[in-house]
Every structure is written in structure tokens, then in C-alpha cells.
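Order of writing sets the labels: A, B and C. Residues in every chain begin at 1.
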Amino acid sequence: MKQLRFWMLAPARVWMALFFAAPLLIVVAYSLLTRGDYGGVEQPTTLENFTRLFDPLYGAILLRSLVIAIVATAFCLLLGFPMALFISRSGRRKNLYLQLVTLPFWTSFLVRTYAWLFLLRDTGLINTLLIKAGIVSSPLPLLYNNGAVLLGLVYGYLPFMVLPLYATIERMEPALLEAAADLGARPFAALRRVTLPLALPGMFAGSVLVFIPCMGAYLTPDLLGGGKTVMAGNLIQNQFTTARDWPFGSAVSLMLMAINMLLLLPMMRRSEDVL
Amino acid sequence: MMIAQMQAILELRNVVKDFPSHRAVDDISLTLEAGRFYSLLGASGCGKTTTLRLIAGFEKPTSGEILLNGTRVNDVPPYRRNVSTVFQSYALFPHLTVEKNIAFGLEQRGERSFSGKVEQAIEMVRLSGKSKRLPAELSGGEKQRVALARSLVLEPSILLLDEPLAALDLKLRREMRAELKAMQQRTGITFLFVTHDQEEALAMSDEIAIMHRGKIEQTGTPREVYRKPATRFVAGFLGAMNWIGDAGVRPEALRIARNGSEYRSTARVEQSLFLGNAVHVLLKLESGESATAELTGAEADFRTGELVHVNWSSADEMRFPR
Amino acid sequence: MKRGLSLYAAVAFAFLYVPLFVLVVFSFNQSRFTIWTGFSLDWYRAVFANTEMAEATWNSVVIAVTSSALSAVIGTLAAYGIWKRRSPLLTGSLYLSLVTPEIVTGISLLAFFQLVFRVVHLTLGLYTVVLAHVAFSIAYVAIVVTARLRTLDPSLEEAAMDLGATPWRAFWRVTLPALAPGIIAAALLALIVSFDDYVITSLVAGVDSETLPMVIYAIARRGANPTINAVSTLIVVGFGALIIISERVRQR
């Protein structure tokens, strides 16, 4: 029995050690080394890569990533909660609506991001319609800015927020709302005093699920933000490809993970078993 | 000697089972004879399920010996013990039909032609016509019968039943009691039935073992354990008991009268509860102790607050060492 | 309140679906601009005539099928092992892999492969993509399968052993079939995530192993192009078909 279990765990252990843990440890090691003359890394060890993170230029990028990720999470929460509430109250159609929310999630993220590129560009549907209607004379700069990135992130990760929210609202006893009404609470008061507090674990879980990919976003800022909106993900990619400064890229990576952990650990604890 | 060996189908010798946090089974010895219906009765957490799991082989005893048909089986894994279990949750394989669930054990034994046996088993539990159904399509009682057939088809030395009636509603539970008892008599297989329901144990068993805090308090026939409980715990656990002074008296042994000439105590009637076939009269004795008298028949009509005379015969007094 | 909620939901569902709908509609447009000039399949012809895209699609399919099959097996075994008895180190690394940003996973694997290649004389290729994809998919599979395991009656395996099955046979005959719907769902998730991945793939793919997302990305970075609309429509339809098939399998 014990032997069986050992062999069952072995492949995952080996794979995760080789292709997840070892690479991460290499990044940790690189972050403490000096950039080589032809890319790569060299001795001596230094903490300089980490002090450079506080350079205004890079600090601004990290801060922008953080702000965009937080705002995107907040928007998902604001947009997702009423959706989850609506689905949980639609009786027999619940499953249909739930599938409608998850379906885009099953579609390619790249395709969904491209869909916005197609809509927002100067000759896209929105600008074409606006010009035709005579509201504007020249196309609005909808693409390649912070707003477009934010829109892309919210669009991409909204389902991640709706699902855990729905799960917590759904497992709430319907009798609770009846009891609240029975005790004199109007629908809105019942929502605020009963549903909302009980949905908290779902909110925390959803926030974790949305915040992580937003904070590390690479694709969305690159496609919808153009060259202007650089987030931490783009900075890392740039250091490992064009700039060939692997030690600094490693330091940014670790910083990104540290921020995630710092914000997420308390949240994960409060999300109970929703995650 | 030879006969004794043939008859003792299962023997537990000083079996102890320790878990990291507590001792679940504390020095149990027990002998089960072939072809009888046994019950292991106790409150939840008393160690009865652990005892069952030790016999089935899901747990290993910390010390002591388990003998099956005279052979020590402490280290024999469950799949090589000729013991079968009916689980509380039934544990029917959800992806297999009734028929395939019942055939599962025979298949594991490598038997080739078992369709006859399976059919017989299905017939025995009256599920003919439902053999192609999946467990999800069965009622609670039907699932129960599949679980039973699945085990019985293997003709085990002992059939272990872990609270198998707990998930059924009251009416079905009563029906299944009679059915289980009949099944045991028909097959002649030894049943060891674990339950917390004293009524169930009393109704079905040839012999009952009462467990408390990991120990066996008493074994005996239902009549013995009810009429001559060996310990204070057994007396209180099996049926209701009034504690008057240092003696226990069953409610049905108390007699009350408005003015009997011979009585042991006066009492005030606190409440009279009509139960259909009996009346329970709650009394406050002159000693300050509370007692309940169970009266049958029409004579019982006492009003709250009435002063009555209470009597019982010494033969009905049960005394236990403290 | 009820009406307001329904109205809101209608707007929200429109927000989710209108962009995809517009994308699909204009893949059938004659003009390359967002003005409807007539129905045409020209962009689809362009897609099927594009050999680079065909090759990249084949690469993507090979990677997705291999890595989802591997991760389904490894992840299922891991979930089962952890379910039997906790393994904090493995569980911890699986969770950590889930919260590690894709870009970090990508560059760390790139650094790892470069280091290994100094000793072993190999280069990046399709297989490095498969290794990477399996590494991040094991966690998905393990989580989906664990969720399924939790709904399983814990007595099921004991019952099988009680009826004479060895631990291995109990797993094979009872637990695995009961887990099958979860494993299929998990494998499908891994398949789609793998097929769709750009960030990690672009970092660890060899020069001659371009995938479909890499081709799409290269074109999309230069701006919109109706050919991409056509490919996107095909991807959406393909994924949709996969999901419908898997739902059918699951309900059976």
C-alpha cells in the first residue's frame, strides 16, 4: 500500500522538482549575480539587482502593475457580484447562465484579447460607428493606453471572479434570506446584511484568482497597451530577451512573486475552502 | 475439543487498538460461534466500529490476536480474509450495475462462471428485473439489499454489518430488521451487527455484546442483558431505568396506586404522558428522586399534582457495585 | 431590484459576447476594414493557403495532445497519492506553480534549459515546450481530480478490498472509473490551456518549433488583420466542439 502510493507520487515529484522548483532556484541564484558581458551571468554576487528595483524608472513600472491589478480586481468584483447574484436567483436557468459565463473562459485568451484589439483600433467597429454617426470627426485613441489594458484584463478574468462568488452565494441556505425578510429586512437590507457578508470567502477567492494573472500580465499590456503601458511582466520579458540582463530580470521576477505572496496569503486564508 | 474448534468461527484475544490521540479498543476478548446473529451495541465513539474494522482487516491491532476459523489473521490484508462487510454508506460502486456490483467479489476470486450465483443472489434479495440498474437509480432499501447480496454471494465466514439501517427511514428500518434476521437464518452465515440502537440489537440478536469506552461490558442473550445487566452502564444503556437509592428499577416494574396498603414510597405525580399503548407517569418520590412508571392498560389515569403510593417487588431491584 | 438585476445581467452577458461576435462576423467580410461590404470566405482561403500557419497548428496540436495526456496521468496519480496521505512538499509546490506568473515560469524554464544545455548538447525544440506545459498543467489536473476525489465515498476502496481486490486492483477497477469524468475534464482543460499558451511557449520553443499562438501574436502585434479573425473563429469553433463533446461524455 505504501509502496503503491510512493510510485504514484514519484512522477509528479520528479517533474515538479526538475521543471518547476529547480528553475525557480536558478532564478533566485541569478538574481544575486552580475550581468555577463554577452548576456548570461557572472560572479561576483551582489544585491545591486534588488536596489535597482527602487530606481524611479523601475519602481514606477512595479507600482503601475500593482495599481492596474488592484483596479482590475476591483472592477471584476463590482461587475461580477451582481452577475453571480443574478445567476443564483434564476431558478431552472442557473446552469445555462453559468455555462454562458464559463464558455468564454474555455475560449482562447489570445483570441479574446485580439477581439478587443479589433474593436478598439482606429478603424475598428467603435470608431467607425462613432464617425459615421457624426459624434467625432477623427478616430478616438481607444487602443494602446492604460484604459485598454484594464479593459482587456477585466474582460479576460471576469469569469474567475463570478465562479467562486456564485459558489458561495449558491451554497447559502435560501431560508436565510427568508428569515431576514421575516425579521423585517427589505430585499436590499437583506442583501447588505446577509448575502454580502456570507459571500466574503467567495470574494476573497475570486480576488486571488483575478489578481494573480493581472499582476503578472504580459500578453494584455503588450497587445492592448502597445509600447506605452509597460507592466512588470513586460519588463521581465524584456530583460531576458532584448536587454539580456538576466540577473535584473530575475530580481524583478522575485519581487513580483513576493508582492503576490504578501497580498495573497492573508486572502487565501480568508477564502476558506472556496479555493 | 474438536467440536469447540469447529464452532468458534471468530475469536478476539485481548485485542487493543491505539490511535495517536486515544485508545479506541481496550483489551477486548470475544468468541463468536458459527451460524448465529451477534450484535455489538454501544454509543457512538465507544469503539464498536473500530472493532469491526479490525475484524475486516482495515486496521491492525496494536496488540492481541484475531483468529478466524482458528487461524491468526492479524497480518492478513482485507482482500485475503473470508470476511465481508456491509458498509453504513453501502459503498456500492457507482459505475457498475447491480449485477456487476454483486459479481465483483467473485471476479476478484478468479471464478469463471458465476452468473448462476449472481442470479441467485439477486433473487434472494428480491431485485430480479433491476439487475441492469446503476446504484443511483435505486431506492435506499434497494441499495441496502444490493450491498447485502454483494457480500453474501461470497459465502463469507462472517458477515459484518456497520449500522446498515441507519440511513433508512423508520418504517423501512423495521421491515429490514425482520428481513436481515430471516436472511441470517436462511443462509446460516454468522452475522456481526454493529449498532447504537438498543431496540435493533434486542430484536434481532441471538447474543449481544455491549461496548463502552473501548471495553466490552457484558455479553449475553437479549433477555439476559436486559433482565440481568452486569454493570450500571449496561442497566442504564439498555432500556430505561429509575435509580432509587442505590438500586435500579425498570419503569414497567413500578406500580402506583391512590391508596395501596403496601407501598415503599409516596410520590407526587408531576406529569402523565399518554403514549397509546402505555402511559408514562413522571413521579417525584418523597426522597426527592425522580422516577418514571410505565403503566399499561386502562387503570392508568393520574392527574398532575396527585399524591400516590409507589411500590415494587424486591425481585425487580438491580444492584451494582459502585 | 429583480428587474434591475436582470437588466444588468443582459448588459454583462453582452459585454462577454459582443466582442467575440463582432470578431466572428467580420471574418466573413469582403473588406479588410470594419465596414460590411459583403459575404466572403477569402480570409479562410488565406488561412488554409498559409503553410506557416498550417505547420504551426500541427505543432500546437502535437504539443497540446502530448502534454495534456502526460499531465492527466501524472496529475491524477499525484492527486490520488495526496488524497491517501498528505504530502505537504508536493502540495505546496503545486500551489506555488499555480500562483507563479506565467512570465516568471517562462523565464525560469528558459534559464534552466540554457544551463542544462551547457552540459548536455541539445537545443530548444518542441519537446522543451511539452516539458514546460506538463509542469504547469499537473497542478490544474491535480486540483480538478482532488475535487472529484472528495465527493467519493471513502468506503468504496475498502469495499473493493473487502470483496477480495488488492489495493492496485481496487484503484484500477473502482477508483479510476469513478474518477473518469473528472480526469477527462482536467485533461481537456490542460489541452486548451496548452494549445492557447503564448507567454511560456514563446520563451522555451526552439527556432523551428513555432506554435499557432506565436504566429497569431506576431501578426496581431502589427495590428488587426482579418486573417486572424478567420483563424480565431476556427479556434473558437474547435474549442466549442471539444467542450460540447466532453460534456456529452461526462453526462453518459
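Heads up, the rule we're going with is that a contact is a pair of C-beta atoms (placed from the backbone, for glycine too) under 8 Å apart; a residue touches a chain by one contact, two chains touch by 3 or more.
Keep in mind it's a predicted model, so treat the numbers as computed, not measured.
A.B. asks: Touch graph across the chains, line, ring, star, complete or other?
C.D. replies: line
A.B. asks: Which chain maximises the distance between its CA centroid and that of subunit B?
C.D. replies: A
A.B. asks: Return the chain pair with more inter-chain C-beta contacts, choosing between A-C and B-C.
C.D. replies: A-C
A.B. asks: How big is the gap, in whole Å, between where the Cα atoms of subunit A centre and where those of subunit B centre?
C.D. replies: Distance between chain centres, rounded to whole Å: 57 Å.
A.B. asks: Distance-wise, how many Å sit between the C-alpha centres of subunit A and subunit C, to the nearest whole number?
C.D. replies: Result: the chain centres lie 17 Å from each other.
A.B. asks: For subunit B and subunit C, let me know how many angstrom lie between their CA-based centres, rounded off.
C.D. replies: Measuring from centre to centre gives 53 Å for this pair.
A.B. asks: What positions in subunit A touch 2 or more of the other chains?
C.D. replies: In subunit A, no residue touches at least two other chains, as defined above.
A.B. asks: If you look only at subunit A, which of its residues touch subunit C in the complex?
C.D. replies: Those residues of subunit A that touch subunit C are 1, 4-6, 8-9, 11-13, 15-17, 19-24, 26-27, 30, 79, 82-83, 85-87, 89, 97, 100-101, 103-104, 106-112, 114-119, 121, 123-125, 128, 155, 158, 187-188, 191, 212-213, 215-216, 218-219, 222-223, 233, 236-237, 240, 246, 249-250, 253, 256-257, 260-261, 264.
A.B. asks: In their shared complex, at which residues does subunit C touch subunit A?
C.D. replies: Listed in rising order, the residues of subunit C that touch subunit A are 1-2, 5-6, 8-9, 12-13, 15-17, 19-20, 22-23, 26, 33-35, 73-75, 77-78, 80-82, 84-85, 87, 90, 93-94, 96-97, 99-112, 115, 131-132, 134-136, 138, 142, 167-168, 171, 192, 195-196, 198-199, 203, 213, 216-217, 220-221, 223-224, 228-229, 232, 235-236, 239-240, 243.
A.B. asks: Over in the complex, which subunit C residues touch subunit B? Could you list them?
C.D. replies: Touching subunit B from subunit C are residues 153, 155-156, 158-166, 169-170, 173-174, 177-178, 180.
A.B. asks: Sort out for me which residues of subunit B touch subunit C in the complex.
C.D. replies: Residues 56-58, 77-80, 83-85, 87-89, 91-95, 104-105, 108-109, 150-151, 154.
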